[in-house]
Every structure is written in structure tokens, then in C-alpha cells.
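The same subunit A turns up in both complexes below, where it pairs with subunit B and then with subunit C.
And then the complex of A and B:
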């Protein structure tokens, strides 16, 4: 049922609320009867005994009462009237001046007290529950800050500490209506005073957060770039986790399988000391035969420059190859002179000599020369090739190597009987070839890793020829040993394992290619089955 | 107390064996121990290079001469020593962003010299000799001699070699020719002739890349064999192994 109907709104209240109202009215009637019986003419709104207030508070009230002129109070009231909500102002206008402060009994009746006022305001109020309903039921009656009818109280003295605690400008009481008054303190030294503490903490003033637009204002060109970038990211995005896991497991098994096959194919010939694999035929590798011939015609004591550009990672592969070439050089009693543009080069050369050729007279007596590390990269290399004696060498501060009898006849680089570039990478070998192309008509000889061979091989056929011979990889080591007639050596020892391992690699590549071809020929599974498997 | 050389050798041997096994364990997948060993290798290599540079270059060629100069016992030319010290200080200025500009001339000097040497070397040592080698195949004097001598088989081989080299060179160059004629609003298109040559060139490029890949594979196989032999020798040193 709506409150807009002509019926008494009290009829619409629930039973429990009507019972509560009735009980409150009964209590109110009882108290007024008892007050009438006592003969006191106190106002119904009069509040508890002033004796309950402390002395200092009574003094303040008294001072305030004395200092306030009636005209000032009226002006203040008028001023405060502007601050009233519109609804209250409308109510004030509608009511007669004498009705502005309704009696207490009418307050309890709620919307009924507004029957003589504006209709719209009445309807608006009729939709609301009685204003003092919750106050009456939940809190005791409010104590006003002061009363006009209170007898004067002897002023008391505040203790010093309390005086210090109290604010300097004591808030003035205002004459705003109770509806406008904020909550007053109900206990402590500020009991009964309103506007001292904020009734509503600021945290209760909840406002809707302002809404800002999250849309970027971009140009069409920027949009195209963003779309292209998004597409790029989507393309490089990895497969879903399930898919990655599904693919990773067989891949790991395949990796282990390949490693096992390779390891076993290498280990088996080494354990059985097999020497069944046929070594390469020299007639198919004339570049290796050239190196052999160049070394084989060296006179005893000929200075040979060895550029030892070997990385530690490939020292294992280079060791058999370099060993057999060095053995040939030492056999020809060549004076070996080492230099390197890599920091680890001199140390690796020294290690090879001490491990493999410790018994050789040249190594045992130390007749070889270490020029050491040539710092400065390509510029230093060019400087060394152009004028070896003026190059800044790392060993120059210890002992000038050019003063040794071995290097005494060497003035220029082409004074060396042979320049041998031992390189594990194509870049180092190419640097030596390129920088010496116009200064060394005799060219160089190369001893390189298998990975550098394809790139350096082209210099064997260049015109003018800049590389006169090349030995590369384990195959070169086995071939060189065969040229020297060696039946034992690292090249021979490793050759069977190398051949078996190479065969296994070729077999796995063929099988892998065949498997890939078969997979392509296999009809694709239906999309539904694919989705089900992915799920 | 100095450690015995034999003991040090044994420690080095077993450390190398363990590190080799950990490195080979990458076949079963990546794991923290493998990564630790990897970082160890990188750190050792970098540390060794720095130590060599300091001991063999910086100290003997810059610091010691400066100290000798201060002590008045230097045999080096003061001007040369000043240039070394000045350029080194300017290069060190690169360490701080505030003073980095001071090091720019030295960096420019290094980069300029390096580039000039690289380009000059490539032209003189690679490009011109390669052009000469490619052109030398079409020297008809060798073919004339073979034909006059009645070596017909060799004559055919010379022609075949020349044809292959010609085809490989032209088709590979065509593969890297990206010029295309404009067709109005349609996208530019290469000519069919260039497209066909580029397709042939892609075959030669694939063969060249396969050769490079096989070289890397063979080098790795050689290194693996050397490590397996090393492990085998180390295992023979274990107590109880015959």
C-alpha cells in the first residue's frame, strides 16, 4: 500500500512498529502526568539537571549566555537559515511562525505534523519513516549545550592540564535546528556540545570515483603499426603449454637416442682398437700433399713461423692434426717461431709441445721461439706482417726474441722459410691470408679445423694463389700420417671412430629425412580428433 | 706448503673428467649443473684473456715504462710514452657517461683503422683473387692446347667445369638481385628469367651452406672423439680397472 493514499499512514505501519509506538506514547504520557503532578512548569524539551554538568562547563555556558545579544542571535539565526536544506526551508515557509518549533508530541507523529503545510512536502515526507524513529529507539534523548532557563552556576576553576588541552577558540553555539545540527559529543569534557567534533567522519563521505576514458587517441598510421606489431607477437608466440609438453617429451627421447647412437658408434671402435677403416687416398687431396711437400723440402734450421690461432674449444679436434704436422717439422729440424693473435694461443701451443713432443730435442732444449700474444687485432696483424721487428710483442719486455740466433736472419716476413697458419676458425685464417696477400708472394700454408676448411678452400684456387696448401680436420690428420708412412698416431687412432661416427650421422640424417617424408605422406587427422587430443 | 706437481696433475685430470661428463650430460636436457659448468668455462676464458692482456700488454707496455719514467730510469721516448698514456686515458674516459665523449676520438681511430684494413684486405686478398680465379676458368688457351694434343676428355672436362662455374656464379648473383619492374598499382614483380636463375642459384647456395654445416658437424665429431678418448684414459686410471 502506498503512503500517498488518503488513509492514515499509521495504518500502514507493521504491527511491531505500531506496538512500539504505542508503548512509547504511553511512557510519554506517564512522564508528563508525573511532571504535572510535581507542579513544575518545565518545558517538555527540558533536559536533565544542570547539576550533572561539571563546574567549568557551567561557567562556559554562563559566559556564553551573557555575551550573546538578542539581535545578534536573531541575525545568526537568519544567516543560518540560508544554510538549511531546501526541503527544510520549504517546511519553514509553509508553517506559521508559531508552528516552526512543533511540540514534542507532534514530532512523534511523523508526517502527520505536516498536514497543514505544502502538499508536495507532505507527500515527500510521507514516503519516509518518522525522522526521530531511530533516534528514539536507539539513543537516549540528546542533551542541549545550554538552556535559557538554567540557573546560574558558580563558576569553577579548570585544572591547568585541562585548560591546556581545550581548544583556544571555543566553538560558538548556533541556533540551527536540530535536524541541521551535527552530532554532539555524548561523553567526556565535550559532552553536550555540538559542532566540536565532526559528526560524519570524512571517510563516510563516499563518492563515486570519477570515470576517465581508457581509450587511446591514435592516428590511423599508429593503429596500423600496432596491428602489425600485435600480429608479429602472435606469430612468435610459443605453442600452448599442453602442445609444448606434448612435443617436448618425444624430442627429449629423440635427443637421448641420437646421443646414445653417436656415443656408441664412437666408443665401440675405440674400445676394440679397430683399425679397419681405410684412410683417405692422397691423390684426392692435393692440397694436403702440397703442405707435406713444402715441409719435406725444408732445410735443417729453417725458420718457420707458426701462427697458432686455436680456440680452446676446438683444441681437441686440432690436436691430432697439429701433432702430425709439428712432428714432421721437428723431424726436419725446423726452427719453430710461434705467434698468436688470441690470448690463449701461446699457452695452447706450449701445452701441445710439452705434452706431445717433450722428448723432442728441440722442445727439450727450448730451441723454439715464442713471440707470444700479438694484441691489437687486425691492425697489429697488419703491422706485424709489414714489419715484424717493429711490432709490439708481449714477450719483448722480457727478452727481445729478435736478438736470438734463430731470428737473426729474419728481417721481413718473407724471410721465413714457411708461414703456417694453424687456425680453428675461418676468420682467423682469412685475416692472415688477406693481410699478407700483397706482401707474401710465396703465400701461406694452412692447418685448419674441419669447420674452417670450406671457407678457406677457395683461396687454394684464387689467382694469384694466396693459400698454397691446406690440411684440415681429422681426415687431414689421417691423410698426413699416411703420407708420412705412420701406422700409429692420433690420426690413425681416431680415424675408425671418426668413420663410424660419420656413418652413424649419415644414417640418422637419412632416416630422419625418410621419417619426415613419411609423415608428410600420412593423411592428416580430422580436426575434431586433433582438438580432442589437445584437450 | 706447496702442492706436489703430481697431485696437482691428478686433481686437474679428475676435474677435467667431471666437467666433461657434465657437459656431455646436456644430451639428456638442460640442467643447472650444466649451466654452472658453462658459466665456469666462460668465466675462466674471460678471466684468462683479461689476465694475459694485463700481464703481457698493459703492465709491460704502459705501467712499467711510466713507473720507470717517474723513477728516472726509463729508456723509452717520452713522446711515445705520452701518446700511449694519453690514448689510454682517453679510452678509459669511455667508462663514465659524463666523460665518454672524450674517448670518441680514440674509438674512432680504432674503428676507422679496423674498417680500412678489413676492406682493403678483403679487396686485395679475397675479391680480386676470386674474380681472377673465376675468370681464369674461361681461359681458352688451355682448351686449345687440350684439343691440339688430342686430349678430348680433358677438353670436355674444361668446358664442363667452366659451365658449372659460370652457372653457379651467375645464378647465385641473380638470387641476390631484388630489382623488379614497376607494374602500376600492382606489386612489382621480378622477371621470369631472373626468377629462374635465382631458383638455380638457391640450389648452389644450399650446397654451400650444407658444406659449411657439414664442416661444423665434422669438427664437433672430432672434438667428441678426443673427449671420449680422454674419458677412456681417465677411467683406466681408476683403482681396480685393468
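And then the complex of A and C:
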């Protein structure tokens, strides 16, 4: 390797570098001589013919080499140059005659290896120096290679001004996939050429999808932390659904069991028409006897005001109670006048009359009177009690009910022979009693549900007495039927069912109390607490 | 009329009406005027039913618009409008309105009461499991006595309860407790009326 320069750069080299170069040149010369002596197969002139070539082919090959003109040889060389890889062409261009001489071994073996086929080209390319080696080396430099004035540039370090000109950091690695990278064809007519599209795209290659393991490998400590975190989340989220179901299942079974026992205990006497239960004794319920006495002394055609304050929900309990009292009133040929401060009251009274007493002459002929719904609550009730005829009523009939023959003699509330408050709730009965206390010296009679009885019973013992009689609950219905000597009726029919249902309820409460208080087999709260903790 | 003017006026009307009704109960000769004012109250109460129905309609209509359980609200509105229309057309004693009342409203409310009976029985059964203090035991014993005294069990009468202990609890203990309760209710009612009369409470707004 020699450099053409104005002054010999060897003079500027240090002594140790000149000694090193001399030793390298000596070794290079020795290796060239040894290769020439051994008859290296890389020499194209002495390249042995393939053994399998026939004689006629060898003669043609020899004649061709002899008769080849220099121009043709140059053209052939150029043709062969076309088949060279780009790097080789670049290398050849860089090696200008007289400026840079390639190593002797590479110069000799180049054309022969190009003709030798694909493998030789690839091997040669693999042995080539880096791509920019010759470019850097062959740069025509008229300046000395080494200068004391300028600082030396170490590989990989750029000067500051060049670093500032760079637009940005270039990727150190090419992020493109291998398929997109320019490569050389490995086979076919384009073998050895670079930057060619692959003839066999990888998309046509069917390969089995790689299997990756999804198993998470963690340490024992990480596993303990994960378990603790899972437990914490479970506590925050509450009990699991299956745990909640497991706890709720006995409660649901208990609900269904209690409902079934109640239904069976109530239905059994109804289906068997049992009348074994003893009806209440009248001596223990004087208030019911009072109502019976008040109705029993009514003259025929006496106007009786019935305040029908019944809710549909309690109509089942009130029906046998009201039926027996109405039966007594109709038997006494009383003129019934209905009013209600509840919107559903008139409709329920009409239903009771049409279902239970459709055969009664008073109901069949329509001699009873419906005053309808009295809106306004307690204020309206006070107005009605003070002046019944001036009260605004919501009646179903367009005719004025006060013009009917039944109500013609009634001017004030005390003109009614009896005021009967039929109330399913204590508040409605209390309103009637309290608002009419100063205007009705004769007082009222009450027919109420069992739940309203304790509150209204207070007015039975007040002075002056505002409530003169009270029939309450199914017990009162059965007692009233007994007073009337009636062996059949809703009160009597329901009384046995009531008795059996009451017995079942008492038995279940007793067993439930023993289970929870004495036996303590499985208290509910600890189990629920465990579920709350998510255990 | 803005709210600043309306609020004192409404309070003045309410206080005046309340004072007049109270005074008319003690002063003779004011009965007719009092009844006339009370009839106004009856008419306004009837009108309040219609307003309540309109309010119910608007609330559930908004629920349908906001997709808050719209199916239930739609069923309610359709049933309400259908019942109102039919009853207004043929009257409360009409065939269809009577059928709706007897076959839909009454059975539904009776069914709810039947479920309540089962729920109360279940609560009584589990009473001593959930609460084990003294008052719960007293409550359970009282309930037990009243149930035993309210009728024969399985057709068998227990005279000690039905003729002795049951009537005593019902007539003495229960009545005494209810009287105390009624006295408390009366005092509360008086206090509420007094606060309204002096306009300390304004349930009508303001």
C-alpha cells in the first residue's frame, strides 16, 4: 500500500510504527512467495479443468481463450463486471490504476471466483473488508495522512460542529424487519445481487405458529404477596355470590316452610268444613254484646249511617265481621246510608252488599243510600258531622241523595238512629269518634279490625262514653254469630281456620325461640359475620 | 306574583283561616261560615287528588325518559290512564270500572297483606335468634300470651289464657298503653296546630 504525496509520510511516522510496517510488509512478501511456489488454485491461468469436462469442451475453451481479442476480452471483462455485486464494482472503481493497488491475492482471485459460481462470490464477499474501507482508504489525499496541527479524530467521535449539524439521533439499529432489509438473492438468475425482492415471499411459507408459555413464574415471596392482595380485594368486594347464596338458602327454605305450614293449617279446616273450635264466650266481650243490643232494638226503617272506612288490603278480615253485623241490620229492616272518607270505601261497600246480600230485599230493591266519598280528611269529616246536608259529597248518582225518602227526615247527624263506624284502621275510627263526640250524645258503635281494636277500646271506657260498642276481628265475628244463634256464616267457617293457623304460629314461634335461645345450634349472626369477612 | 310577595300572603291566609275555625268552635253564630270554609277545603282536597295524579304521571314520565326502570313506569302510566279514562267515562259504578276494582285492586292489596302475615310470622320465629336482650324476651312473652288468649289452638281452648290472662292484657295493659299513646298524640297535634297558627311552620311553602 503506497500513498502519493508531496512529501514522504514515512518520514513523519514514529520509529515503532515504521518498524511495525516493515515487519508487516516482510510478512506479506513472504506469504506471496510461498503461495506462488505452492501453485495456488486461485490463479486463473493454472486453474485445473474440471475432471468431468469432455475433450471437445476443453478444446473449445482453449481455442476461445487463444483467439480472444483484447477488445473482446475487455468487453467480456465488462460483461463479467456487470455480474459482480455492487460492492465489488465499487471496490473496483475505487481501486484506480496507479493510485491504489489491491492486495495481490485478492487481485488474482477476483475474476476466477466471479466465474466460479454463486458460492465463490458469496465467500469472496464474506471475506471483503467493510464497505467503506476502500472508500476511506482510496480517498485521494494530497494532504499528509498525519498532521501535528490538527487534532486526531478517533473513530465514533464527531467534532462538535458536525454533531450540531446532525438533524437528530439516528437509530442505532435498523428497525425494519428482515424481510424489508435489502439483501442479496441466494439463488436463481439474480443470485448474488443485492436489493432485490425475494422471489419466494415469506408470506407463502407456511410455518407452525410458535407456542409461548403462558405460565407465570413467580417466586414464593411474590406468591405470598399476591395471595394477600387477593384476600384484601375479596374483603373489599364483599362475600362471593356462592357464599351469599349458601347463607340465603336456609332463610329462603325457612320462608317457604313457614308459608307452607300456614297455608296447610288454614286450608285444612276449610276443606274439611271443621267446626270443632269453641267460639268466644260473650261474658268476656261486653262491648260486642252492646253492639248487638243496639242493633237489635232498632225499629224497622230506622236510618243507620255506616261510615265504611275499609281498605282493600284488610277487606278479607273485615268481610265476615261486617257481614254478620249487616245481616243483623238488614234483618231489622234498617235503612242503610253509606259514606266514606276513603276513595275505595264506597266501592268496597257496594261489593260487599252485592256479593253477600244480593238476595236481601233492601239490596235487591236498592233501598240503601250511597252518599259516596267525602274528600278532605278530618276537616271534611267535621263539616259533615256539623251539617250533613251542606257537605260536598262525591256520589256516583247525579241525583241528590238527601232528597231520597230514606234521608228526608234526617237534618242533623243525631237524627240517625245509629252511627256505625266500620273501620279497618285505628286512625279512621278515632277521627269519627273525636270529631263527633260533642255532637252525638248517643255515641257511636264500632266495627273494626283486630289491629284497630286496642286503640279504639280506649274510648269504650271514656267519660262521657263516646264509643258504646265494639266488634273487632274475627273473634268478634264469631262471637256475634254466636249471639245471633247463627251456626253457619263466614265467621264460623273462618273461626276454625283461624284457630288452626293460630296454633301453627304459636308452635313455630315456640320452636324458633327454642332453636335460637336454648339449643343454639347455629346462630345466625356469627355466620353472617364470617361471610362479611369473606372467609 | 313573585315568591317574595306570595309567601307572606299565603301565611296570612293560612293563619287567618286557622284562627277563624278555632274561634268558630267556641263562638256561637259562626257555624255557617265555618262550614262554608270547610267545604272549600273539601273541594281543594278533591282537586289535590287530581294534582297528585298529575304529579305521579310527570314523575314516571320523567323516569321513562331517563330510562330508569321504564317498563314499570310505563305499566303504571298506562294502567292509571286507562282506569281514569274508563271511570270518568262510565262512572264509578260502571261495569268495567267495578270489574277493575274487584278483580285487580282488591286481590293485589289482599295478597300483599297475606305476604305481610307470613313475614311477621317469620320475624317472630327468628326474634330470639337475632336479638337476645331483655326487651325482646318481654316482647316475645307478651306476644305469646296474646296469641294464646286470642282463640283456641287447633280447636282446643285454653281457659287460662282465653278467659283470664288474655282479656287482662287486652283490657288493662294494652288500654293503659294506648291511652298514654293517645295523650301524646293529642299533645303533638296541639303543638303542630299552634305552630301553624303562629306561622312558625309553613307546610304550604315559604
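Keep in mind that, in the parts below, the second predicted complex is superposed on the first by the 270 of 535 C-alpha atoms of A that agree within 3 Å, B and C clash if a C-alpha of one lies under 4 Å from a C-alpha of the other, contacts with A are read in each partner's own complex, and residues count from 1 in each chain.
We adopt the following convention: contacts are C-beta pairs under 8 Å (C-beta built on N, C-alpha and C of every residue); 3 or more make two chains touch, one makes a residue touch a chain.
Fair warning: this is a prediction, and the values are worked out from it, not measured in the lab.
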Partner chain(s) touched by A:16 [first = subunit B, second = subunit C, both, neither]: neither
Which superposed partner A:437 touches (first subunit B, second subunit C, both, neither): first
Partner chain(s) touched by A:280 [first = subunit B, second = subunit C, both, neither]: second
Partner chain(s) touched by A:350 [first = subunit B, second = subunit C, both, neither]: second
Partner chain(s) touched by A:161 [first = subunit B, second = subunit C, both, neither]: neither
Which superposed partner A:382 touches (first subunit B, second subunit C, both, neither): both
Contacts of A:494 with subunit B and subunit C, given as first, second, both or neither: first
First (subunit B), second (subunit C), both or neither touched by A:255: both
Footprint overlap on subunit A, where subunit B in one structure and subunit C in the other make contact: 255, 258-259, 262, 312-314, 316, 343-344, 347, 375, 377, 379, 382, 392, 394, 396, 430, 450, 454-455, 458, 461, 473, 475, 498, 502, 505
Residues of subunit A defined as touching subunit C within the complex: 254-255, 258-259, 262, 269, 274, 276-278, 280-281, 284, 311-316, 343-344, 346-348, 350-351, 374-377, 379-380, 382-383, 386-387, 390-392, 394, 396, 430, 450, 454-455, 457-458, 461, 473, 475, 495-496, 498-500, 502-503, 505-506, 508-513, 515-517, 523-525
Interface residues, subunit C side, partner subunit A - complex: 31, 34-36, 38-39, 41-46, 49, 91-93, 98, 101-102, 105-106, 109-110, 112-113, 117-118, 121-122, 124-130, 132, 140, 143-144, 147-148, 150-155, 157, 162-163, 167, 170-171, 174-175, 177-179, 181-182
Complex contacts: residues of subunit B adjacent to subunit A: 27-29, 45, 48-49, 52-53, 56-57, 60-61, 64, 110, 113-114, 117-118, 121-122, 124-126, 129-130, 132-133, 136, 208, 211-212, 214-219, 221-230, 232
Touching residues on subunit A, where the partner in the complex is subunit B: 252, 255-256, 258-259, 262-263, 266-267, 270-271, 312-314, 316-317, 319-320, 343-344, 347, 372-373, 375, 377-379, 382, 392, 394-398, 430-431, 433-438, 449-455, 458-459, 461-466, 473-475, 493-494, 497-498, 501-502, 505
